[in-house]
Each structure stands twice: as structure tokens, then as C-alpha cells.
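Same chain, two partners: chain A is paired with chain B first, then with chain C.
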Partner chain A sequence: MTPGRTPLLALRQISKNFGAVEALVGVDLDVHAHEVVALVGDNGAGKSTLAKVIAGVLQPDSGLIEMDGAPVTLPSASAANRLGVASVFQDLALCENLDVTANVFLGREMYNRAGLLQEGQMETETRALLRDLTVRVPSIRTPLRHLSGGQRQAVAIARTVIGNPRIVVLDEPTAALSVAHTAEVLTHIERLRGMGLGVILISHNLNDVRAVADRVEVLRHGRNNGSFRGDASHEEILAAITGAGSPSL
Partner chain B sequence: MSGSQSSLREANRARVVEAVKRHGGLTQVELTGATGLSAATVSTIVKELLGAGMVEVRPAVRSGRRAQLVTLAHRVGLVAGVVVGYRQMRVAIADVTHEVLAEQTLPLPAEHRPDTSLDRAALLVVDLLERVGADLEELVAIGLGLPTPVDASTGLLSVRGVLRGWDGVPVAQVLEKRLARPVFVDNDANLGALAESTVGAARAYHDSLYVRVSHGVGAGVVLGGRVHRGVGGTAGELGHVQVDPGGRICGCGSRGCLDTVVGVPALLEPLATSHGNLTLRDLVQLAETGDPGCREIVADAGATVGAVVANLATVLSPQCVVVGGELAETGEIFLGPVREAVRRRTLLSQFVPLEVVSATLGTQAELMGAILLALQSTDVFENADDGRGNQ
Partner chain C sequence: MNAIDSLRDMITRNMRQSGIMVAFVAIVAFFAILNPNFLSPTNLTNIVLQYSYILILAIGMLMIIVAGHIDLSVGSVVALTGAVSAVLVIRNGMPWWVGVLAAIAVGLLVGAWQGFWVAYVGIPGFIVTLAGMLLFRGLTYLVLNNASLSPFGGNYYDVANGFLNGLLGGYGVDVFTLVIFGIAVVGYGVSQWRTRRGKIAYQQTVESLPLFVVKLVIVAAVVMWFGYQLASSRGLPLVLIILAALVIIYGLVTQRSVFGRHVYAVGGNRHAAELSGVKVKKVYFWIFVNMGFLASVAGVVYSSRMNGAQPSAGNMFELDAIAACFIGGASTTGGVGRVGGAMIGGLIMAVMSNGMQLMGVPQSMQQVVKGLVLLLAVAFDIWNKRRASVVR
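Moving on to the complex of A and B:
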């Protein structure tokens, strides 16, 4: 929130090639606490690659990643998780046959001293968590396959909050959702920001992006192609996405 | 012993009602999950509530199976309230008793476009109806609030340039065409005034002022129990009273309007160097948690708004001033300076001191007003009925 303060996460000159494909070329990105940074760009602009680098899924070929001003490496998703980066990718990575509670605590189940699952405790926490995020899921004992797309997205977002993360990466959270569910997801993003987290939001929908983002970073052909305030006009951002301004080579 | 058991039953009933309210409609199986109560308890409570007429049960399909959807009772039809603001839209479905059955907030981008926003408003109304298990047939009317003066008879914006991009858009007709239901439009501050004077803080008074301090400042004037709209619905446009003759040019074209001094951009600008990128919500939260800079900004805004309110009150002599909108959420931080400014006008404290209170409905006031507008407008419509179309 305060400019000049050390960013929570800083990427410097990140590059990543897949053979002859330049996915990322010298990309810079800063994310502060209490800030929603949107990553926008055309298909293949490098948004998802950058998200995967931040999530520890992909390793950059070169560049520096800093958290709180100290250089870090993110060799795996679990390493990124330990450093406080939680991600929700488009496939959501939830288990269809498990109920909401089990999905929220997946891989982080709570045990008592005898080594038994503390189901009651986990249910209570899930219920409180969903209420904090104003998530509307009819029953936390419903198996995931019975939930709508928006409800699944909400469960996936709730799941990220369990490990007390500091940065949440959301890849296309509103794609293919109804307006009511989009409204819910956007409200959840505002809540995450209100909880003091840094949020990286990747989306194609400029309307959704401009509704919640503090800052919009445009990627084009794997390069930074402009940084805008969240209240910048639709046309300005669109021009940077399509390269209607000056092409950078 | 029996006392604690009956109070337990009472608490369980409250939990079930609260769950139904929060979700709009739930099946009994979902109710057990949502409340953590046993299936038998839920079943007993639902039967009791049915008997008391508090809930309704209607058939629904869940996961391909037939189920009984429990909703709050809404026998006589429903209305929708839609309030479009600068950065968010709120939609609610309510029944004739003003009970809100479902509600949703949608964040909006800066300078959002009328085509996209009205389209989303229509879809949200349909989605929320579905959530409470009702269909469009049951919807009687829609009340729509906009953050700009609206001519109630034509549904057109009466002042150009205040809501950028919306000039000349027949807002009511666009929504009516989408939903095939009558739509009634009014200014958001007027709706807040309607709600507060009907069911809120000013309901005991004939004459009151409602001041809404949000992205801009607006006021609703209630005289003799009716909202005074003025020519073209422009009454109470407090945000366009001149407070700084040498000030900035406002969106309306005049110089130094109140909105250029206490509108959100003007409030956040002095905080940019020290606090960075803030939203109105951040400002309110930080002021509440005791951030000195934010408190200062909010208190100064209160003094500025208070001086203008005092002048308006001197002319109209209302019994009560209700303050609503996001800034009023900070409580006495904002209200104190407003009250102080009003107190300094001796005329206002001569007979009976003018009361300055915060909105009972809080930030819900405008949404409740939209619901009331839809309900009141349709009553008139039904009485005068017979072939006459809506306005």
C-alpha cells in the first residue's frame, strides 16, 4: 500500500524459453501487500508462464526473484507454498469425489495427538473460512462434483487461504462463470486484498480486471508492455495489449 | 433445565432461518450441512417454521434428484432493487414485506459503460431469482438507483457529464426490454432518503434530510413525508453546491463544487504520497482502525459537508438529518464534525436542536430504497390499472 516500501514479491529480468519460443523476455513484476496486480495480455503473451514461475512450477532460465527484498529460489510448488505463495490454476486441482472440507484441507489435514483426523475441527474452520470470504456453498459436506463452476472456484480460493499465504495467484478465475458467480469471485478478491494479501490476477476480461485491480501490468510477446493504474481507461490498456502504440522489439 | 433446552431450540431455529436467508434457498440435506445440525433436528425445525408461515417449501432438482427447496415465504410476488454506483453494483431480491431474500454485490471498473453494466444488472437479477427458487414471472417490478439526477417521468439522466458515458441512455427502457418488467429509476440519494424516512432513522419525522457521502455527495429532501424531487429530479444535489469559488472545475462544468473537495479522488489524493494506492473502503477501514492521516481526511470532509448541510437545513428546517454512505461508516469520526458545523448555526438549535444521526440501514439504505420504490410504484400501478402501461 505504501510506495517505496519493499515489495512482497519482486521479479527482475525473468526470461524463459521453450526451445525457439521466447515465452518470457526480461520481465519485471512487483507485488506489494494489500495490492491486486492484474496480468493481462493476448493468448501466448506469457501470462500463465509467469504465473507458473511465481508458483514454483516452472524454473526461469535467467532472472532474479526476491521476496521481502531477499533473493529466493522457487524450485518447486511446495517450496513456493512454504514461502507463502498460493496458486489457483485454471484446472483448480480439486478432487471431485471429496467433500468441500476435504478439498479445502487437501494435503494439509489436521490430526490430533493420536494421529486421527480432526474432522469436526476442520469443518468448523472451513465454515468460518467460507463465511469470512462470503462464499456461498450450500453444504460443506457436498462432494465437489455437485457444485457449480463458481462454487468450485470459491472452494479453490478458500483452499489457498488455509496455509496463511501472503501472495495468491489466480489464473483466469472468472472464465466461463455466470455474472452472479463472477460477482462472488470478484468480491472474494476484494476480501483477499482486504486481508492484506498480495493478489496476482490473470484474466482476459478487462471489465473484471479493471473492477478490482490496483495496477494492471500488460504482457506482449513475453515482454512488459506497459503498467497502468487500475482506473486507467479500457482503450489505453487495450492499445498496450494489441500493440497499437509502439511495438517493442 | 427445560429453560436451557427451549433456548437451545430457539437458537437452532435462528440458525436455520439465518442459513436460508444467507443462501436464498436450501434443501433440507443442504441445511444440515450449512448449520451443522442433525437431519432430524432440521426436519423438525423446518416443519415448525412451515407451520408458522416463515418458510415455504417448493420442489427443486439437486444433483439430478427431486428435492424440497426451503425458502423464506414470499407469497405475493417479489421485487428487485438495483443500485449502480461508481465502482460497484448491488442487486437484491425482496418480498412485499421488504425482507431481502438474496443479495449480491458486483465490483465495477472505473467509468463503466452503460451497455455492459445494464446487461450485467439484468443477468444478476435473473441469477438471484434462480437462487431463491423463483422465476421472472414472480417479479413484479424493479427499482433502479443511479448516482446522478434522474428524471423520474422519462427515466433519462437529467444532468449531462456527471455519470460519464451514460448521457442520453434510456436506462429504464433498456432494462425493461431485457426483463419485460416495469423498471422505476431514481437518484441514489433520493432512494436513501425514501428508505430512511420510511423504515429507517427518520421514520418518526415528517421533514428530514438524507445526506449520502460516498464517491460523491448527494442529498435526499423529505418534506411532509414525501421525497421532494424538484425539476428533473435534481433536488438535493448537494455535491454541486459551490464551496470553493477558486476551486477546480467539476464534471458538471461549474467551478469548486463540493464534490471537487470531498469526492473520492479529492479525498485520496493527499494520501497518495504517504499511503499509496487506496480505495474508499481502505480509507474507511484505516480511519476506523485509528490511522491518524485517514482520520484527519475523514474529519475534514465531515466539517466541509457539515457546513453545506447546515446551510441547507437553515433553509428547509428539517427535524432530522440522516447521514449515510460509506464515509458515515466511520461513525463519530465523520459525524462529529458534521454535528459541530450544524450546531454552530444558531438558528438550528434555537427551538429544538436539529438531530444529526447515522443511517439505521447503513450502506443498505439505497438498496432498500430501490426495493421500496419498486413496491410503492407498483401499488399505484395496480390501483390505477386497467390497460394503462407503466410509465
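Moving on to the complex of A and C:
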């Protein structure tokens, strides 16, 4: 990373409590364009909570969010969307009864002056999008329930690219996927980076993380617990995740 | 793809949809064979007149069921809107259209009331409309002072009992009716053709040309035959025009509009829809307002057909409307179902009731049969889904 470059997204001292649970305590995070930042940590470390803060689904109790160096508020998912943040949530947020095209454009449908859907145009864009990401589905009119887990995940990733986002948050996109499908998803992530986006990848799989991430940020008990380059060793990162050898112990 | 493959593919792909069509045709054939009067012009006209209000209700009910709710209050709302209209027109001597507008206003208010509790307070539609069922039935009794009101007469009576006949002359066969049906068939053909062209342009698979043409010809023949029967009876029923307009409009709303898309999304995965920026509460609110509107239309049609208002009007209509949706392929878990399917489901109920009546089957037995049909339709649906998931 070029030092001194203004990050696309910067989180400063973000805290979030759920009642007595301190999910996030003074967390900092920077994401630049053309960068994949992996967010790792044990179960309950606060990764999904942080992802939801960035996606506008949860509001932090305190802390500052900046985009391009200017402070912003993200009061809702659609507000975050407008600012260029797109997310794939851990609990896969797709409608199984709708087809691929409808899912890709859900909440952002194209319609004409009469208020009718422009299916043709949405199909063309979907097809182009899936081609760019080399996602293979039987047909862009196939209902999601007929797709495999990997294909669904690919559709979920593809839908983030609609509306020209600048930041994409992926919460465990490879959980529950076979090795082959995982490899595919990782390729999609590299394509996103190639398109110039900032990507936040949450994962428990350190092999995946080290394969694509430029930087690895560790969360532990809701706090920053180390920052590593993408080529850091498995052991180093694992130690930070489990807290072994950390200053607090 | 050759015609046979294409046919097989279409049938397996639309198993549920085609299954329901086959069932419908079979039931019609069954009654036609048992009773020669069943397909007579007069009886076909009767079926349209007798079940139009259930079909109107089923349109709104389908959208509610797709969104993952249910509305138990529509029968009471039919009664209430009809009662308000009757009080204004019959008791206070106002013009017929005042009654119609007042009924629709009441329907919209009722819908907004129920939509508020479902969308913004978060009470399940099942509970809100169960309360509404009691509430609006009670209000009907209050509005009518526990007594029936009749007759409407005049223009109001014509809404459900009037015909367009003789506008263009004809010898015992109304030319106007035939022209309208002709226009409908041509319109259907053109829209199907354009859809097909569009699909080809966007590289989607379509059925082979011969199959497509055969399908069009069959539909056109059946529709024109039906039109001919009406034309040689009393002409074009006004309610059929109302119903056709509603089916076309709501077909567009559910399949081609952003709102319709969101109704399906909310019913399929509420959480996902919300995260994608769909305004779930708005969707809930407006589907109930819409149901209130359609219930008021049904209320006008029903009170017009009965030529008056009774406190007990519309009893159990909700069950017929719900059954129509489920027989027509709506999923009990939401997210799946079509207006067209609900219409066929409603027609199956209508044809069975009418056919059994013609055969003199006692009321008790009719209910048993209809109950079983509903059960079998949903069982078939579940079996079909299970089979589909095994295939995958």
C-alpha cells in the first residue's frame, strides 16, 4: 500500500453494544480501492457486526465513519448503498422464489415511465455481469431454489456489483461451499478487486484469506488484535485470532 | 427443440400450472357429459354471474398470500361495503354512483386500518383480519340496524345483472359480444407473439413454433366458443367486463410492476428483501389497502346481484377466495402464486358448485367434495415440490 493515500473507507473507534454484550470496542479499519481486506476472528469476535455497521444495517453507538476522507452516516442499508457500499450477508440474503435476474436487481429494479419492469434490459445487464464475473448458471431466468449453493453465492456476489459500488462487504461467502466452488468464489473476489473495488472479506478459512487478501485484520473480543500483510504466515494470524502470545495475556 | 420435446419440457416445467389446467378441463368435461345443460349458454352465463365476486376477491387474496399473509375478513368487508351502499342508495335515495363510491371509500379505509396493524404494529395478518372479520361483521349489523335493505333497482342493479346486448344488432346472436371477444383473442395473440419475440431477442428458450401456434389456436377457439355461447344467451355480462379488466390490470401489476416484484420478494424472503432495500412495511400496507379496495368492488357486485344488503352477506367468502388461491397453485409459505392460477382455482370451485347443483347433489355433499379438492390440490403441490427438490 502506498502510505498516505486517503482510504476509500475508514472506520475510527467504532463501538457497538448489544445490551451487556460489547460486540465492538473502538475498532479501526481502513479499506483502499483495488484492495481486498480480510477480516478474521473467532466466533463472536464481532466480524458480522462490523460488516453490518458498514452496510448500514446496524448503527454504531460511537465512532466515526469516513469515505474518501469525509465523515458520513449510514442510517440504513439503502443509504449505504447510495454511497457505494454493497454487501453479501452471512445469512445469505436472496429470495429463493425469484429468478437470477430478479434477485440481481432486487430493490433496484429498472422500470419505464409507466412503472413497468424493463425485463429485457435487466436480463442483458445480468448476462453481461455474470459473464464479467465468469459465473455460470443454467439460465438467468432460473429460480434461485434450483441453483446449487455455490451458484447462489455467485449470484449474491454478482448482485453487489449492480449500481457501481466502490466497497463490497462479503460475510463468509465461502462457508458451506465445496473446494471447487470456493475456488470459484475466490476468483470472483479477485475480479472485484480487478474492477477497482475495495473488498472486505470475512472468513474463517485462513487458506482462502491468504490466497486473496492484500491485508488481514484480526478482531478479538470486539477489538483490533493485529494487522498482517496478505502473505503473513498461518501461525502468525492464528496466534492473533486465539490471543496466544498477545500482549494482554 | 422439436415439438414433442418442447411439449414435454413445457409440461414438466409447468407441472403445477398445467396440472391445474388439466384438472379444470377434466372437471368441465365430467359435468358436461353428466349433464347436457351444463355447457348451455344460460348456465355458462350463470356461472360467470354467480362467482364473479369470489374471483374478484381471489385477485386481492392472491397478492396477500404471496406476500406471506392471509385475510380472513373479506367476507365481512363485502357485507359492510354493500351495507353502506344500500343505506345511502336505498334508505336515503342517493344516486347509484354515490353508493358505489361510498362502498369503495369504506373498503379503502378498512384496508388502510388492517394494513396499519399488520405493517406498522407488526401483528400477523391472520390475527388482524380475524379481528376484522368480527369487527366489520358487527359494524354491518350496526349500519343495517339488524335488518335487510332492498331493492336497489335501476343502474345499481345492472352492475351485476346487466348485459351489453344488441349494440351492433345480430339475429339471436349478439354481434357486439362476438366483436369484443374477437378483439380479446387478437389482443391475446398479439401479446403472446410479442412476448415470444422478446424472449427470442433476449436468447431465452421458447416452445417450438408449431406448438406455440397450436396453443394459441386452442385458446382462441375455446374463448370464441365461450363468447358465442354468451352472445346467443343474453349478451355480454357487465361483471365479466369488470372482471376481465381487473384480471388484466392485476396481471400487469403482479408480473410486470416493481410493486408486484416486491410482493413476491417479501413473501419469498422478508429478511433478504429488507436488506436489499425493499420497503417491506409499505408492501404490507398497500396489499391490505388493495384487498380492501377489491373487497369493496366485490361488495358492490354482490349487493347488486342480491339487489339489496343483508347483515349476513358474504359469509365464508374468505374461505372460497383462499381456496381459489391454493387450488390455483399459491404456496402456503408465500412467495409463489399467480393471478391467472387463482382465477382457474376459483373457476374450478365455481364449476364444481354449479355442476353439483345442476345434478342435485345436496349442499352437505358439495361441501365435502370441495373440502377434499382443496386438500388434494395442496397435497399435490407439496408432493410436486418434494419431487422437484429430489431431482435437483
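Definition applied: the second predicted complex is superposed on the first by the 242 of 249 C-alpha atoms of A that agree within 3 Å, B and C clash if a C-alpha of one lies under 4 Å from a C-alpha of the other, contacts with A are read in each partner's own complex, and residues count from 1 in each chain.
Note that a residue touches a chain if its C-beta (ideal position, glycine included) is under 8 Å from a C-beta of that chain, and two chains touch if they have at least 3 such contacts.
Predicted model only: the values in this text are computed from it and were never measured.
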Exercise for review: Report for A:123: first if it touches chain B alone, second if chain C alone, otherwise both or neither.
Suggested key: both
Check your understanding: Touching A:62, do we find chain B (first), chain C (second), both, or neither?
Key -> neither
Exercise for review: Identify the partner contact of A:6: answer first if only chain B is touched, second if only chain C is, both if each is, neither if none is.
Suggested key: neither
Exercise for review: Report for A:146: first if it touches chain B alone, second if chain C alone, otherwise both or neither.
Suggested key: both
Point to revise | Contacts of A:214 with chain B and chain C, given as first, second, both or neither | key: first
Review point. Of the two partner chains, chain B (first) and chain C (second), which one does A:73 touch, if any: first, second, both, or neither?
Key: neither
Practice item. State whether A:233 touches chain B only (first), chain C only (second), both chains, or neither. Key: first
Check your understanding: Of the residues on chain A, which ones does chain B touch that chain C also touches?
Key -> 123, 139, 141, 146
Practice item. Note which residues of chain A are touching chain C in the complex, please. Key: 55, 57, 77-78, 81, 87, 89, 91-98, 102, 106-109, 111, 115-117, 119-120, 123-124, 139, 141, 145-146
Check your understanding: What part of chain A is in contact with chain B in the complex they form?
Key -> 1-3, 32, 34-35, 123, 127, 136, 138-142, 146, 178-180, 182-184, 186-187, 190, 194, 206-207, 209-212, 214-215, 229-231, 233-234
Review point. Which of the residues in chain C end up touching chain A in this complex?
Key: 198, 201-202, 204-205, 252, 256-259, 261, 264-265, 267-269, 271-278, 331, 335-336, 388-389, 392
Point to revise | chain B residues within the chain A interface of the complex | key: 22-23, 26-27, 29-34, 36, 62-63, 87, 104-112, 116, 120, 123-124, 127-128, 131, 273-278, 281-282, 285
